[in-house]
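In the two assemblies presented below, chain A is common to both, partnered first by chain B and then by chain C.
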Partner chain A sequence: MSGGDGLTGRQRLSRWLANYEVDGVALLVLPAIACMLLLFIYPFLHGLILSLQPRSGEMLDNYRKFFSDPFLYDTIWTTLRLAFPATIINVVMSVPIALLVRRFRRQRLLTAILVVPITLGPVLIAEGMLNYLGPQGWFNGAIVGLGISGAPVRLIHNYAGVLISLVVAGFPFVFLLTLSFLSGLDPSLEKAASTLGAGPRARFRHILLPLLLPALAVNFCMSFVQMFSVFPAAVLLGEPAGATRVISIAAYQAAYEQYDAPMASTIAMIMGAVQLAIVAIVLGSRELFYRGSTGSGKG
Partner chain B sequence: MARTFEQLRLEEIKRDFGAMSALKGVNLSVRRGEFIALLGPSGCGKSTALNCLAGLLPLTGGSIWLDGQRIDTLRPEDRGFGMVFQNYALFPHMSVRQNVAFGLTMQKRARAEIETRVDKALDIVRLRDQSHKLPGQLSGGQQQRVAIARAIVIEPRLVLMDEPLSNLDAKLRLEMRSEIRRIHNLIGATTIYVTHDQEEALSLADRIVVMRDGLVRQVGTPEELFARPLHSDVADFMGYRNLVSTHAGRAAGDEVTVTIAGARLGARVVEPVGAGGMVTVAIRPDDLAVSPEGPLSVTTDTSEYRGHDFYCSGATADGTTLYFTSPRRLAPGEAVRLACSPDRVLVYAGGARP
Partner chain C sequence: MFAERALGTRTPSELIWSVALWTVMGLFVANFMLMILAVLVNSFATQWFGTWLPPAFTTKWYVSAWREFQLDQVLVVTMMVVGAVVVISGLIGVPAAYALARRNFPGKRFVLLLLLLPLMVPPITYGIPLATVLYEARLAGNIWGVILANLVPTVPFVVLVMIPFIEQIDPRIEQAARLFGAGTGQLFVRVLVPLLAPGILAALLLVLVRTIAMFELTFFTAGPSSQTLVVALYYAVYAPGVRANQSIDAMSIIYMATTLLWLMIALRFVNPVQLVGRPR
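Up next is the complex of A and B:
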């Protein structure tokens, strides 16, 4: 490497790095990598190792125990039964609402109102719902008063209560993402389609939906992962011992009621594996869709 | 729906955006088979007019008629016009063939018919061999040709083009310009073409509509607009770069004498002027040439090579900048005399705009 090019070793190094788009600014990524290692990779590995060290028995005994006890393995199904519908409801709802909001002039105001639930947090939403949807709440007062139903409808301390709160709390994230995907679509595509004879439904089906689907898949994954780790809503609004005994409750009980940290880690690992599997399936199916630019040619 | 028409009429069409008026009452009538260019500076309302015609923008006043049928109340999908957009607006997830077939698919045509017509349209724009590709895999010029094929395959009564060449480089723009006129002649379409490029309008159109501030300023053939713009702002836009304010002398018929920087020039009155009133004198740089006996004398500032001649600027004794042409390169500071045929010196009422 002794150069007749008149450059110092340092200059040659930076030229070589420039080939790979690396320069001084790239060093700024190091703190982020450190954070990832400290806050994510380390706890993950720690948990994995811990889960392989059961209080008694062999390495995989915790996993065997989980999958042989319906009281434990059923929590996967219980959680999926909540997370799937809630995610799908939110993703599906977000599309028409984002389509509407896109046309409003006061878009910012409306967006702000829709986003308020984010700032409230799950506990406050749960408390509000307990008051509002409870047997003595306004909602039941109204439907009984108006004669729509003879008796109060049970909407809390059961499956429905948790589902409603997941939808309410999760919607803003899903909506904001869908709105930003939609704003990224070139409006002239729809105009072109309409001059070619496509009415609103045909434009949605042939232009908007195919271009949005890959983004909706990402949106689905991000929302699903959040929903799958539901805890406060399941405890406060659900039936934590029965219909809404989700997987995070099982992990909590293992950790803080039985003081079995290895078992709790095992449940956390299984939780992560299920989330990962669903995300992999959904993102994998994205390959079936068009995934290129959603622009309409050279900008 | 009748697939053809004799006359398209825009009657007092208006479009307001809040307090701003983009179109302030535009009247225009277009015959079948014509190639019309809507020409004007940005913000003059030409694109708004096109979008109103396509139905993408509702009118706030006036009406649009195809013969006896009122069409401004129809939705864009019911008008049967083909539109070509500035950014092409190709559907990125569909192949070239699917893009072109889209309009026919929407009309629920038989598969065999769609295939034949798409092939024909792709042949017209010479892209048959690219039909399986996605738009992202094509060059800008090819994308624009797909957009044209997609618009003409539905055999529209009217083809609308919104600055279709403005995203292309200079060489491609010239090629596509001929291509667009060729296609227009080939399919016998009626085309309305929006552009801010006077050269494009002059070379493409049968008639040019010059717009400014939401109003039509002049309608005429390219020759009429080039030789005799009716207003000084139209002249400005048509390349009359020398616009000088001065006083008019006595007019005899349309002949008049004007004084620029002490030099007397014979001129033609386009807009009636009273003797002694302020006028604007308009001369194209190409008509103002170096001539040893010319009445105007200037000191050269710049001299740009244009291939067959030089495009120069210079200042008169009173500081007026004039643009002219010279067969040889002039040195900065060189004094030359300029002359112009009286027929090419146009006089308009009122002083020049700043």
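Up next is the complex of A and C:
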């Protein structure tokens, strides 16, 4: 490119790009795109191709193997059986608690207390539950001591243990999302309903709930992602060889115990597909709800 | 005035409902606090089995945990990983969020989808293929692999949290700066970063907390010398061998204190409700 010509060419190009709002500022998005393509899309495609190149046999053999071995395909059901109830419990619980906290004067303090589980990490929750809910722990000591139950309740090393730890660990994020959406709702909507004589229950059913449902759907998806990839809790608090053998354990074993990278990728792909299918269903049903402005316009 | 009072009045059924809710929430929080307390007590116990309280207290488990798990090295690695992830995802994420908030270029929806996907897929799903790729590129098994893997969820997270913050800023301020001859770089350093400081701080502190807690990605990409605290802790529990669980509890308490400290700093600067932004 010669100097003068190149300049006009460049000018022409930049004018043409500016028509599409592509200028220096828009280009700032490029590093993020490059990062995502290199670290997310490329490995994903690599994994997909790898999953289609089994160690022996045909292209789809890994997938065939997964869906013909109950030890492998059962993990999907095991995972869903944990992830669904945990997510639903959290989403449902978050609504009344967020409504309550919203009215409370020391909202920030209360929120901070409810957010603390974020800082614990899987191991502390597991250790805490093993100590506290174990057969010799305070919880069972109190239950037996108060005569609520004759024998200690078994709450660890089984399905219940993993479920409880998922609920505890997942609640803060769900709660924060619900609370932030509630604070974004225009309070005059509720006031109007109340002026027209609607009681608290009616206000909730006809005003808040319809407005909240789309946000709860998003909330459900965000939280379900975390629950679906449950790994440390299932190992430390469950029965990793039995009732809580979740899909991520299967993926881990393929990758780091059998060193079968194609099979591990296959399981990862299946995990992603199941997860995305559920997100698609939930977000798809969002179309059935009200969609539109719910804020007070202050942004 | 009238409307507000009407919102505040309570019928008996609402009162029962409210009392029940407080009770449930109180029980939840109380049990939860007791659970943490149990770990704390155990970490200071000489031994504890089957009694309400341990017979005697000691701090030796902290000393032994520190030595046994080489916590000084683990903490240094954790700080390096977290620091690098916070800085890099801020440097990549904030400008990208600015571009997405202010321009309507073709393919913007596609870019947003590209950024949303990593947050909508479990980390294990892309963690395993990513670890494979990184191992092939000889990047995994060391601290760089851990940093790169942790960028996958944090960059989109920063972008998506920052977009609403940037949209709140009046574009006329930027126009004025441009009118006075500021380039994009100057605009960022002199105008945008100071105005966006609370948002950036919120996003980055949350990235920090998330990265400290990120188990799966670090677990898949870390080598023996590049484990962060959460992974080292998992190995301490799971790896075979006889270990006093008091020692593990001491380590969990150190972990909790580390994260809690940062979360409390985060909460001082921002209302937690703002941290997640407003879902649209």
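To be clear about the criterion, the second predicted complex is superposed on the first by the 271 of 299 C-alpha atoms of A that agree within 3 Å, B and C clash if a C-alpha of one lies under 4 Å from a C-alpha of the other, contacts with A are read in each partner's own complex, and residues count from 1 in each chain.
Keep this in mind: a residue touches a chain if its C-beta (ideal position, glycine included) is under 8 Å from a C-beta of that chain, and two chains touch if they have at least 3 such contacts.
Nothing here was measured: the structure is a model prediction, and the numbers come from that model.
**Q** Considering only touches as defined above, state whether A:L50 meets chain B (first), chain C (second), both or neither.
**A** second
**Q** Go through the superposed model and pick first if A:K191 touches only chain B, second if only chain C, both, or neither.
**A** After superposition on chain A, A:K191 lies in contact with both partners, chain B and chain C.
**Q** Does chain B (first) or chain C (second) touch A:M271, or do both, or does neither?
**A** Touch status of A:M271: second partner only.
**Q** On the A-aligned overlay, A:I207 touches which partner chain: chain B = first, chain C = second, or both, or neither?
**A** Only chain B is touched by A:I207; chain C is not.
**Q** Check whether A:R108 is in contact with chain B, with chain C, with both or with neither, and answer first, second, both or neither.
**A** Only chain C is touched by A:R108; chain B is not.
**Q** According to the stated criteria, A:P152 is in contact with first (chain B), second (chain C), both, or neither; which is it?
**A** Neither: A:P152 stays clear of chain B and chain C.
**Q** Once chain A of both complexes is superposed, is A:P85 in touch with chain B (first), chain C (second), both, or neither?
**A** neither
**Q** Of the two partners chain B and chain C, indicate the one touching more residues belonging to chain A.
**A** C
**Q** Would you tell me the residues on chain A in contact with chain B in one complex that are also in contact with chain C in the other?
**A** 191-192, 194-195, 199, 295, 299
**Q** Report the residues of chain B in contact with chain A in the complex, numbered from low to high.
**A** 54-56, 75-83, 85, 87-93, 102-103, 106-107, 134-136, 140, 143, 150-151, 154, 160, 167
**Q** Considering only the defined contacts, which chain A positions touch chain B in the complex?
**A** By the definition above, chain A touches chain B via 186, 188-189, 191-199, 202, 206-207, 210-211, 289-290, 292-299.
**Q** Across the complex, what residues on chain A touch chain C?
**A** So the residues of chain A in touch with chain C come to 20-29, 31-33, 35-37, 39-44, 46-48, 50, 96-97, 100, 108, 111-133, 136-139, 141, 168, 173, 176-177, 179-181, 183-184, 190-192, 194-195, 199-201, 215, 218-219, 221-222, 225-226, 228-229, 231-232, 235-236, 248, 251-252, 255, 261, 264-265, 267-269, 271-272, 275-276, 279, 295, 299.
**Q** Going by the contact rule at the top, pick out the chain C residues touching chain A in the complex.
**A** Its residues touching chain A are 2-4, 6-7, 11, 13-14, 18, 21-22, 25, 29, 31-32, 34-36, 38-39, 42, 49-50, 52, 91-93, 95-96, 98-100, 102-106, 111, 114-115, 117-134, 148-149, 151-152, 155-156, 159, 164, 167-168, 184, 209, 212-213, 215-216, 220, 230, 233-234, 236-238, 245, 248-249, 252-253, 255-256, 259-260, 263-264, 267, 271-279.
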